[in-house]
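Alright, structures below, take your time with them.
Two complexes are shown next, each including subunit A; its partner changes from subunit B in the first to subunit C in the second.
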Partner chain A sequence: MITLDRFFTDPILRGPTIGCMLMGFACAFVGVLAFVRKRSLLGETLSHASYPGVIVGILLSVFFQKEEGLSFFILIGGSLSAFLGFWLVDLLERKERITSDGSLCLVLVLFFGVGVLLASIVQSSHPHLYRQIQSYLYGQAATMGDSHIFFYAFFAAFVSLVVTIFYKEILALSFNREYAQAAGILSPWLNFLLFFLIVLAVIIGIRSVGVILMSAMLIAPPLAARQFTDKLSTLFLLSGIFGMGSGFLGNYFSLLFSDLFSQTGAHLSFPTGPMIVVVSAFLAALSLLFAPKKGLIICYCRMALFRIITIQENLLKTSWHLSEKGKNSLSLDQIGENYAFSRITLRVFLAILQIKGWICIKNKKYHLQPLGIKRGGRIIRLHRLWELYLVNSLGVGVDCVHKSAEEMEHILTPELEKQLTILLDNPKEDPHAQPIPDSEGMVV
Partner chain B sequence: MKPAPGLKIHQLSVNYDKNPVLWDISLEVPAGKLVAIVGPNGAGKSTLMKSILGLIPPLSGKVSFSGLSLKEIRKKAAYIPQKESVDWDFPLTVFDLVLMGRFGRLGLFKRPSKQDREDVKKYLKMVNLEGFSHRQINQLSGGQKQRAFLARALIQEADFYFMDEPLAAIDVETSQAIIAILKHLRDQGKTIFVVLHDLEIVKEVFDWVILLNLRLVSCGPVSEVFTKEIIHKTYGKETLFLEEAAKLAEEKTRGYSLT
Partner chain C sequence: MSNPYTYQDFFSFFPLFFRRIFDLLTGTLSWSELASDEIQIFALIGIAISGGMVGSFLILRRMAMVANALSHTILLGIVLVYLFFKVLFHYDDLYYALSIPALLLAALLAGLLTVILTEFFTHKLKVQEDASVGLVFTTLFAIGIILVTLFTRNIHIGTELVMGNVDGIKRGDLHLVFIVVGLNLSLYFLFFKGLKITTFDPQLAKTLGFPPPVI
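Then we have the complex of A and B:
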C-alpha cells in the first residue's frame, strides 16, 4: 500500500506530485480569467495553437544541445505560436466578422494540423525526437523532477501575485469591459497581461497534461468552484484548490491503479496527465450534481420535498374540510377519496401527519388534533387570501382563481401573508363568500 | 466671460463596427441640466453616449466637458450601460457591484478602504436596496437591478452621469424613485444624460432634450424644441431615406455589405 507522505518525500514521486499540484493550482487560477469572461474555449485553441511552436522549440533546443525537458526554446516557441494563433482569432472575429466559436475552431485545427504535419516530418528526419514531441501531445508528468517543482512554484506565486495586485481591475474588466473603460479602470496593457497569463498557463501546463487535454485544467476547476460561490475572489481561491487537488489525486490514482493491476499480474499503465484531467472533470461533475445551492441532485431533492409537503398539506386540508362539515372521525377511504394514491402510500403519508401531531388514530379512524386544525386553517387562509387577491387586485375572474390558489397555499410565506393581509385590509371572506380563517387558523 | 458649456460636441461623426452611424453632430448643453436623449430604434442614441465617453472611436470630431477633455474628467463621469450589455451570471454580489464604482477613483494598487465600504451601504440605502447587498446580481428583480447600477454610478460622486435606458422595463415605483434621485443630482449642479424610450416623461421631468436620428435633429430646452413638428421630424418616415443612404455610405467606406 502507498502511504500519502511518500508522494511528498520519495525522490521519484515528489517531482510529479508537487509539480502537478502547483501546475494545477496555477492553471485553475488563471482559468478563472477565461471562465468568467465566457471564453473558456480560448484555452483549448491556445494549447493546440502552441503545438507547432513547441515542435520547433524542441528542434532548436536539440540543435543548441540543451537538455531535454522544459527548455527555454520550447517555452518561447510555444508562446509565440500561441500568440500568433490568438492574433489570428482576433483578426477573424473583428475584421472578417466570423463568430467567436468559428474563429476559435478554425485556428485550432489550422495550427494543430500544421503541428501534426511537422511532427511526421520530424519522425522521419529525427526519429529519436519523435517520442519527445509525442509527449507534449498527452503530457508526461511522470518524468518531472525537483527542478520542475521550483519552476512551477515560481509560476504559481507569480500568477497569484498578479491576480491579487490587480484584483479590482480584473473584476471590473471581466464584468463589463465598457464600464471599466468608461471609468478609466482599464488600461490596454492590463488586458494584455491577463491574456499573457493564460498563454503562460497553457504553455507550462502542456508539459504535464499535454496539448490535447490542457484546456480541461483551465475549465473544469473554475466550473466546479463556480457552483459554490458568487464571489470572484472566492472563485479564484476555490478554483485553485480544486486544481491543486486534481493534481494530487491524479498522481495518487495513477500510481494506485497501476499498483492494483500489477498485483493481479496485468501490466496496465495509467498515465498521470490524463488521470489529472479525468479527476478534475469528475470534481466538476460532482459539483454540478451536489453543490448545496445549485447542484442538480440537491435541486431535485428540494423539488421532491416540496411535493411531499404539498401532499401532506393537501391531505390535512381534506381532513379539515371534512371535519368542518361535522365529520370528526374519518376513515382512510374518506380522506383518500380524491387522491390517486394506493392505500399503502396513503397510510405512509397519514403516518407522517400523525408524527407531526396533526392527526391521531383511534379505532382505525383518523381524528384531527388541535395542532392539525390550526395548521389546516392556516392553509385554507392562504388559499382564500390568494383567491381574494387575484380577484380584487388583479381582476381575475372568480371561476379561474382556484387552481392558482391550490399551488400558492403551499408557497406563501408568513411575510407575504402579512403583506397580503394589509393589502386586502384584513378580509373576512373570500370571493366565494366563504370565511377566511384568522392568522391562528381559526374560523371565527 | 460666459462659462464653458457642460458638454460641447463639435462635428462628431461615428462609423464603427455594428453600431449605428452618426453624422456630423454638433451641440452644446449647459452644465447642471437633466438631459434626455431620444430618437427611434437604431437612431444612434447609445452610440452617441458611447462615443462621448470614448468607448467607440469617432471618425472625426471633438468632445469637451466644461472646457476640459475626456481624459481630464474621466473620473468625474459615471456611466450606466444598457441592461442588455451586462453579464448577469457573473460571480458578483450587489455590494461588490456598487463598490466597483470606487475603483476608478482609487487607482492602481489601492484597496477599497473602510470608508468606501461604508459609502456602499449609504448609497445602497439611498436606492432602497439595503437588505440585498449579499445577493448575486441576477437574483434581483428588473427594477432592483437598475437601482443597483444607479448606486454604483452614485458612489462615483461624479459631475457627469451617462445612463443608457435606466428607465426601460421597470416598475412605476422604481422609475419614480430613480427620477427623484436624478432631480436631486441635477439640483446639486450635476449634468445628467439619459437615453430614453418613453417620450411621455420628457416634458414632465427633463430640462433639456437631444433629438437624434443618425444626425442631430434638434437640441435645446424641452419647452422650446420638444414640439410636435420636431418630434415628427425625428420619428417620421423621411428618415427612412436617410437610413438607406447611411447604410450605403457604410458599405462604400468599408468595402463590403453587411446584409
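Then we have the complex of A and C:
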C-alpha cells in the first residue's frame, strides 16, 4: 500500500506529483481568464497549435545536444507556434469575419495537421525521436523530475503574480468591456498579456497532460469552482485548488489502480495525464450536481422539499377553514375532499402534521391543536395580506388575486409580512371582506 | 501486381494518374487492377466530399467545434466496439475494430454519447455551451485513452486514429467510403429543404454519425 507522504518524498514519485499539482494550479488559474470571457475552447486550439512548434523544438534541442530535462527550445517553439495560432484566430475573426468556432476549428486543424505531417517526416528521418514526439500527444507525467518542479513552481508563481497585480483590470475587462474601454484600462498590451498567460499555461500543460487533453485542465476546474462562488477572486482561488487537487488525485489514482491490478497479477498501467483529466472532470460533474447553492440534485431536493411543505401547509389550511366553520373533529375524507391524493398519501402527510404538533388524532378523527391553529392562522393572514396588497397597492382586480396569494402564502417571510402590515396600515379585512388574523394567527 | 507508380517523381505522377483514370473510365483498366495509391486518393476524395457537405452545414450552425469534439470522442466509441466484439465473439484482432463498418458503429455510438452529454451539461446543468463541449469531449477522449492502454496495451490504435493511416485503407474499404458518400449525398438531397430550415436545430448532430470523420 502506498502512503500519501510518499508522493512528496519519494524521488521518483515527487516529480510527477508536485509537477502535476503545480501544472493543475497554473492551468486552473489561467482557465478562469478564458472561462469568464466565454473563450474556453481557445485553450483547445492553442494546445493543438503548439504541436508543430514542439516538434521543431525537439529537433532543435537534439541538434544542440540537449536531450534531458525540459528543453528551452521546446518551450520557445511551442509558445511561438501557439502564438502564431492565436494571432491567426484573431485575424480570421476580426478581419475576415469568420465565426469564432469556425476560425478556432480551422486553425486547430491546420496547425495539428502540420504537426502530424512533421511527426511522420521525423518518424522516417529520426525514428528514435518519434517516441518523444508522441509523448507530447498524451503527455508523459511519469518521467518528470525535480528540475520540472522548480520550473513549474516558477511558472505558477509568475502566473498568480500577474493575475494578482492586474486583478482590477481583469475584473473590468472580463465583465464590463465598455467601462474598461472608457476608463482606458483596455490597453492592447494587457489583452496580449492575458493571452500570453493562456499560451504559457498550455505550454506548461502539454508536458504532463498532452496536447490533446490539455484544454480540459483549463475548463474543468473553473467550471467546478464557479458552482461555489460568484466572486472573481474566490473563483481564482477555488479553481486553483481544484486544479491542484486533480493534479494530485490523478497521480494518486493512476498509481493506486496500477498497484491494485498488479496484486492480482495483471500488469496494467494507468496513464497519468488522462487520469488527471478524468478526475478534474469528475470533480466538475460532482460540483455541478451537488454544489450547495447551484447543484442540480440539490435544486431538485429543495424544490421537492418546498412542494412537501406546501402540501402540509395547504392541508393545515383546509383543517383551519373547517374548524373555523365549527367542525372540530374532522374525518380523513373531510380533509382530503379537495385533494387528488390517495388515502395512504393523505395519512402520511397528516402523520407529519401530527409529529409537528399541529393536529392530533382521537378515535380516527383529526383535531387541530393550539399550535396548528396559530400556524394555520398565520398562513391565512399571509394569504389575505397579499390579496389586499395586490388590490390596494397594485390595482389588481379582486377576482384575480386568489391564485397568486395561494402561492405567495408559502413564500412570504416574517420580514415581508411586517413590511406589508406597515404598508397596508395594519388591516383587519381582506378584499373579500374576510377577517385577517393578527400576527399571532388569531382571528379577533 | 506491381505498383505502376513506383519510382515516379512528383510531376510525372499526375500525367500517369490521369491516364490511368481515363483508362479506367473507358474500360481498358479493370477496377481490380487499381494501385494502392489510387485507392487512397479515391478514398480521401470520398472523405473530403462527405466532410465538405456536412461541414458547410456545421459552419452555418456554428457547430464546427462540435465536429472536432466528435472526431475526438470516436476513440472511445472504437474502444467500446472493440471490447464489445472481444467479449461477444472473441475477436481479438484489431483489424475488426478498425474496419469501416466498426468505425461507423463507433462513430454513431460516440456521436450519440457526446451529443447527449453535451446537451445535458448545457441545458440541465446550465453550463456555457463552449465549456460543456470542451469538457465532455476531452473527458470522453481521456477515458478512451485509458481504456486503450489498459486493454490493448497498444497505443498504436490510438496513434493511428489520431494521426490517420492512409496506407491502411483496403479496396473493400473504398466501397464503404463511397457507400457513405452516396448515403450522405442522397440524405443531402432528400432532406435539403429540411436541413435548410432546421439549420438552427441540433437535430443535425444525429446525421453526424454517418460520415467517418477520422480514418
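To be clear about the criterion, the second predicted complex is superposed on the first by the 428 of 444 C-alpha atoms of A that agree within 3 Å, B and C clash if a C-alpha of one lies under 4 Å from a C-alpha of the other, contacts with A are read in each partner's own complex, and residues count from 1 in each chain.
To be clear about the criterion, a contact is a pair of C-beta atoms (placed from the backbone, for glycine too) under 8 Å apart; a residue touches a chain by one contact, two chains touch by 3 or more.
Predicted model only: the values in this text are computed from it and were never measured.
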item	value
Clash-or-fit label for the pair subunit B, subunit C on subunit A	fit
Which superposed partner A:172 touches (first subunit B, second subunit C, both, neither)	first
A:206 touches, of subunit B and subunit C: first, second, both or neither?	neither
Touch count on subunit A, higher of subunit B and subunit C	C
Once both complexes are placed on the shared chain, angle at subunit A toward subunit B and subunit C, C-alpha, multiple of 10 degrees	100
Contacts of A:82 with subunit B and subunit C, given as first, second, both or neither	neither
Contacts of A:291 with subunit B and subunit C, given as first, second, both or neither	neither
Contacts of A:38 with subunit B and subunit C, given as first, second, both or neither	both
First, second, both or neither for A:420, with subunit B first and subunit C second	neither
First (subunit B), second (subunit C), both or neither touched by A:229	first
Touching partner for A:183 - first (subunit B), second (subunit C), both, neither	first
Overlay on shared chain A, then closest C-alpha pair between subunit B and subunit C (Å)	11
Overlapping contact positions on subunit A, where the subunit C interface meets the subunit B interface	38
Residue numbers on subunit A that touch subunit C, as the complex places them	35, 38-41, 43-44, 99-102, 104-106, 108-109, 116, 119-120, 134, 137-138, 212-213, 215-216, 218-220, 223, 268-271, 273-275, 277-278, 281, 284, 288-289, 294, 296
Residues of subunit B touching subunit A in the complex	50, 53-55, 74-75, 77-79, 81, 85-87, 90-93, 96, 100-101, 103-104, 106, 108-109, 111-112, 136, 156, 162
Complex contact set, residues of subunit C against subunit A	59, 62-65, 67-68, 72, 121, 124-128, 130-131, 133-135, 138-139, 141-143, 145-146, 149-150, 153, 155, 158-159, 162-164
Of all residues in subunit A, those that touch subunit B in their complex	36, 38, 165-166, 168-169, 171-172, 174-176, 178-179, 181-185, 226, 229-232, 235
